[in-house]
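Reviewing the structure listed below.
Chain IDs A, B, C and D follow the sequence of writing; residue 1 opens each chain.
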Amino acid sequence: MIHLESDYNNGAHEAVLRHLVETNEERTQSYGDDCFSEQARAMIREACEAPDAQIWFLAGGTQTNATIIDCVLQPYEGVLCAETAHINVHEAGAVEFTGHKVIALPAHEGKLAVGELRAWLTAYYADDTAEHMVRPGMVYITFPTELGTLYTADELMALHEVCKQYGLLLYVDGARLAYGLAASPDVTLPLLAQLSDVFYIGGTKCGALCGEAVVFPNGDAPIHMLSRIKRHGALLAKSRVVGVQFEALFTKVNGEPLYMAIGRQAVTLAMQLRSLFVERMGYQPFIDSPTNQQFYIIPNDNLERLRKSIGFEVWCPVDECHTACRFVTSWATTEEEIENLGLKAF
Amino acid sequence: MIHLESDYNNGAHEAVLRHLVETNEERTQSYGDDCFSEQARAMIREACEAPDAQIWFLAGGTQTNATIIDCVLQPYEGVLCAETAHINVHEAGAVEFTGHKVIALPAHEGKLAVGELRAWLTAYYADDTAEHMVRPGMVYITFPTELGTLYTADELMALHEVCKQYGLLLYVDGARLAYGLAASPDVTLPLLAQLSDVFYIGGTKCGALCGEAVVFPNGDAPIHMLSRIKRHGALLAKSRVVGVQFEALFTKVNGEPLYMAIGRQAVTLAMQLRSLFVERMGYQPFIDSPTNQQFYIIPNDNLERLRKSIGFEVWCPVDECHTACRFVTSWATTEEEIENLGLKAF
Amino acid sequence: MIHLESDYNNGAHEAVLRHLVETNEERTQSYGDDCFSEQARAMIREACEAPDAQIWFLAGGTQTNATIIDCVLQPYEGVLCAETAHINVHEAGAVEFTGHKVIALPAHEGKLAVGELRAWLTAYYADDTAEHMVRPGMVYITFPTELGTLYTADELMALHEVCKQYGLLLYVDGARLAYGLAASPDVTLPLLAQLSDVFYIGGTKCGALCGEAVVFPNGDAPIHMLSRIKRHGALLAKSRVVGVQFEALFTKVNGEPLYMAIGRQAVTLAMQLRSLFVERMGYQPFIDSPTNQQFYIIPNDNLERLRKSIGFEVWCPVDECHTACRFVTSWATTEEEIENLGLKAF
Amino acid sequence: MIHLESDYNNGAHEAVLRHLVETNEERTQSYGDDCFSEQARAMIREACEAPDAQIWFLAGGTQTNATIIDCVLQPYEGVLCAETAHINVHEAGAVEFTGHKVIALPAHEGKLAVGELRAWLTAYYADDTAEHMVRPGMVYITFPTELGTLYTADELMALHEVCKQYGLLLYVDGARLAYGLAASPDVTLPLLAQLSDVFYIGGTKCGALCGEAVVFPNGDAPIHMLSRIKRHGALLAKSRVVGVQFEALFTKVNGEPLYMAIGRQAVTLAMQLRSLFVERMGYQPFIDSPTNQQFYIIPNDNLERLRKSIGFEVWCPVDECHTACRFVTSWATTEEEIENLGLKAF
């Protein structure tokens, strides 16, 4: 049995857990001032080639999105995103809870089309009644998207340009950033730091027990961030818990942060899974995803049998006889598990 | 050097950490449905003698207070508390952020006086303009309080009575509950479960890396709690992280949950510290606290010397020559550390 | 010059103003308890054939929408509406300010399609991740819509059915209700009261200086409405100001409330305008609106000349040579003004 | 029978009503751009000797307080006020609804003591945990206070100094400003405009049907005020309704705005009432108020008889045999009414 239901059905990468154990006896400051968090910040700044970056550690993804979006937007501003965006669909209204409208544009395999974004903005600013509408303050994208797809470097640059032109912030939700960086041919952490105004490096789904690292690459976070974060209930007293984990994730192994290796392994296994599904089983991809989330169209009469060997998630019906299903690898998936899957006559 | 600055300057109790390690390989459900969380819930229900209790695991204290208070109050209701209450002073307005007024009454060594509460409620309901005022919906207390003090079982019963009479919920913030239960002569977990409508068992300050367990002892939490919690950004995807820890904390050791032993040890050491400070050093208590937070009046010219052996927190000036300081033991404090302190001619 | 820019560019219907003058000397209760408000409520109950109706008077439309939607929704619920709905476009995020998501469905000439609504609800309730999404709590429609169109009685009944089936409230924004009722062949005030859970009768655009009447036809408004409304800053101290005006608007003239006559006159004049534009000038309707808001496609080289005789609003470009424009009649438009317009060779 | 229950139990001053009638036929812009609002703004700027003042017209007092406080505060800031302040007691939590804490300091006959304010601020900024607390962003005072008392020019200057020193905004709630200015020996509208950062000139209680004028005397309101106000549901579509009324209130009569005369007459009559009560009836003042709200200690066995001639409000019990009662004059109170009262052997 291989568990591909999600990338948060596991514990932590053993290096992360080991670092928690080996630092356990030390006493530290709290509320973000601990030495582990400081060290992790230095490592992230280096990996991002962003020496001025300001970094905060929060506990989870929805919390991070709602807190950061509310912290950087003006009260009367909303956030633009693809209609399939996590903040628009699967955060139970956490952004609206902070008083901001989520303005959804059409999604193309999970992605915003730059041209449509530009057209929306042109129309908004040409509208005589714009003052009566929610002002756009930010563009939110996920990298990779909820459907596993990736923006190219060119697309990110175009989004960056549009945002600059219209005075919007570009925010990248990197809940699965490790997998996106591993799969992208041209998007790197330094490029992301260059093109976005704020982004977060996901820990929970990429090897940590919990925790996300919010990065303001240009060091221009709003003042009083500690108070703002605490007001959202998102300030960890024992901040070291996330700091220690990110220290482990950004410790270099063979010349690169562990975080990168984690992403690469999961993507490699995802590609092996893809071969197995497409070439061997003859399943069609539902979405052409290069990352750790894989979506295939499964004949309904195969589902039962498949469930005996694989834990997965039903995504949506395709037609009367087929169902789209999601299969997610992670740092916790092993080569052996994928190999065994291949050996089975499933 | 002994670190008594706080009870969140450490890692986790070794049994908690060990359980994280030994469960790391297992794959589980997420969002609270994992088997560890389920097991931890069963253990907590048993410890509370509350078989119908509903339990949720959240990441931190301020988050828990703001989320739960907002979830159970009607929109137009406020929460009554002592003016020194954590939600009134040190949560950066997290409760007000959710739209509710914090109504502060006088504090007596950190505690609400039942008589004053009753008088306030009588006056409120006699006021012709009550409809124009924030309606009282809840009484919030901390056990132990921010000053280390404890309500007696009689006081809790009286608060419970007043709440019942006026239709208010009684909510107990148990961030340091282990220490309170260990120090109280008559308040037990089952009694707390009997007298309160909702309370939380603090993990972060009592042996866990992070996490708090919210308990509705009567199983009458509002519907759709998962959606409500997620809307507050407080739902952990990898819920097992807290579940595993509480499973460890409520595993029985010598016939009682580890959680109780953790509290007792810290309180025992706090009492040894007290002897040292009062009898040996001649310091006066600033507050007569029976729990792990100890407050002493230190002559200003002793402060420098004290800092060489002890990490502690300045609380507030007392007079021109004296300062009240806080010394906090925890599960992480060792007998050896306290003994060594006694050996020093500080 | 005839002013057809909007139906809020005027003062008040002379009967409304006269009633303000003739009641000016009387002293009354405040906060909704004045005798004028009481009398107006009785008149509205009668006109709605809803003897149990609860009625509140608020000052303006956006305030009413945001206040009422927030008062009746549970915190975790959102409101479904057409993407062109006022709350989705032109209220500057007032609903999201109260913490609720506005869930926009496709609009068909300003209207929700019942089938699409039902399909959305079916999909929502079939979705395994529904708990992570904003729950639907209400369907919001405008009658007439922002484009002047009307739901038929059959369509309203179908919406009512869907709402009942899925436990949603049906809320009707009647900012221009007088004009909608006048133009509809089959929707009456009693029918509206029967089919909706809450609706408001617009005053500001239908003859009053200011004020809207919120009606809960079944008398099942949430408790503590006065406190809820005040919390939204929407409670008028001098409540009589709106009460007196609605008393005038619902005073019967020739056997029917003045409100109905106001609507009918404006619609009659709108139809005369339509004849003029379509038959005489040869303009095409942009939208086929039977109410007081009329939309025509004007050749761009006619715009300048038109502006000399008529005040109107540019709606949106149609093609390179044509522009859609809005022309709005109201109770304040006179037959003479429309006749004069016809006499001009514009 | 004389009605002294409140100053919002009446209609409008006849000059206000007359101006509504005489402007009724004109067509105007909406949303604040109408010519009446523009003219009223010019008059208010002149009366305030504040040529750069920005002015918005809102419908009511609680709405104005909640909207303006939220618009000018940073999200993490709270508002300091006397514990008897309207926003702290009688606005049903409207400020907290917008997410801001109301921080109450002791009240002295309804007033903040500058020394206590300064001491609070000194303590706040000396506190190591200040970042975990709500930051002070504004001082809110009422002029006159809820108890009818007045700050002297010196007190206002001292408050202004403290606010400047600590970077706080000074906001003056002038719901009853006409009566305050009339009674104050040294506070004028220009002085108020000089010393406060934002204040509002109350219309509802001072001669208008409804409406308050918010003044930023230095023209430094936050950007996008129209969007902000609309987001709070506080933007009037038919803005002229308040504009026309303020035009009437600030039209000069005998060389001064009508608003001043309205205040003076009510205060004159309040002083006659005072003579009657104190000298003739022998009642003790409960509060020594120089304005239109008068508070007297009435023997309980007089209450019944008094109620036959006077409408008034019970304020609070004083002792077993006495009750404090409030008697409010307004622009609508007549000399004749007060004289008649004197003639009665009540």
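Note that contacts are C-beta pairs under 8 Å (C-beta built on N, C-alpha and C of every residue); 3 or more make two chains touch, one makes a residue touch a chain.
Nothing here was measured: the structure is a model prediction, and the numbers come from that model.
**Student:** Can you name the chains that touch chain B as well as chain C?
**Tutor:** A, D
**Student:** Farthest chain from chain D, going by the mean of C-alpha atoms per chain?
**Tutor:** The most remote chain is A.
**Student:** Find the geometric centre of each of chain A and chain B from their Cα atoms only, then give the gap between the two centres in Å, rounded to an integer.
**Tutor:** That gives a centre separation of 33 Å.
**Student:** Suppose each chain is reduced to the average of its Cα coordinates; what separation in Å results between chain B and chain D?
**Tutor:** Roughly 43 Å separates the two chain centres.
**Student:** Determine the centre-to-centre distance between chain A and chain D, using the mean Cα coordinates as centres, and give it in whole Å.
**Tutor:** 51
**Student:** Identify all positions of chain C at which a residue touches two or more other chains, and write them in rising order.
**Tutor:** 76, 91-93, 97, 99, 131-133, 227-228, 230-231
**Student:** Which residues of chain C touch chain B in their complex?
**Tutor:** Residue list for chain C touching chain B: 31, 70-71, 74-76, 99, 131-133, 135, 224, 226-228, 230-231.
**Student:** Using the touch definition from the top, list the residues of chain D that touch chain C in their complex.
**Tutor:** 3, 5-6, 8-12, 14, 17, 20-21, 23-30, 59-67, 91-94, 97, 204-205, 209-210, 227-228, 230-238, 240-241, 311, 332
**Student:** Which bits of chain B are touching chain D when the two form their complex?
**Tutor:** For this pair, the touching residues of chain B are 76, 78, 89-93, 96-97, 99-102, 104, 128-129, 131-134, 314.
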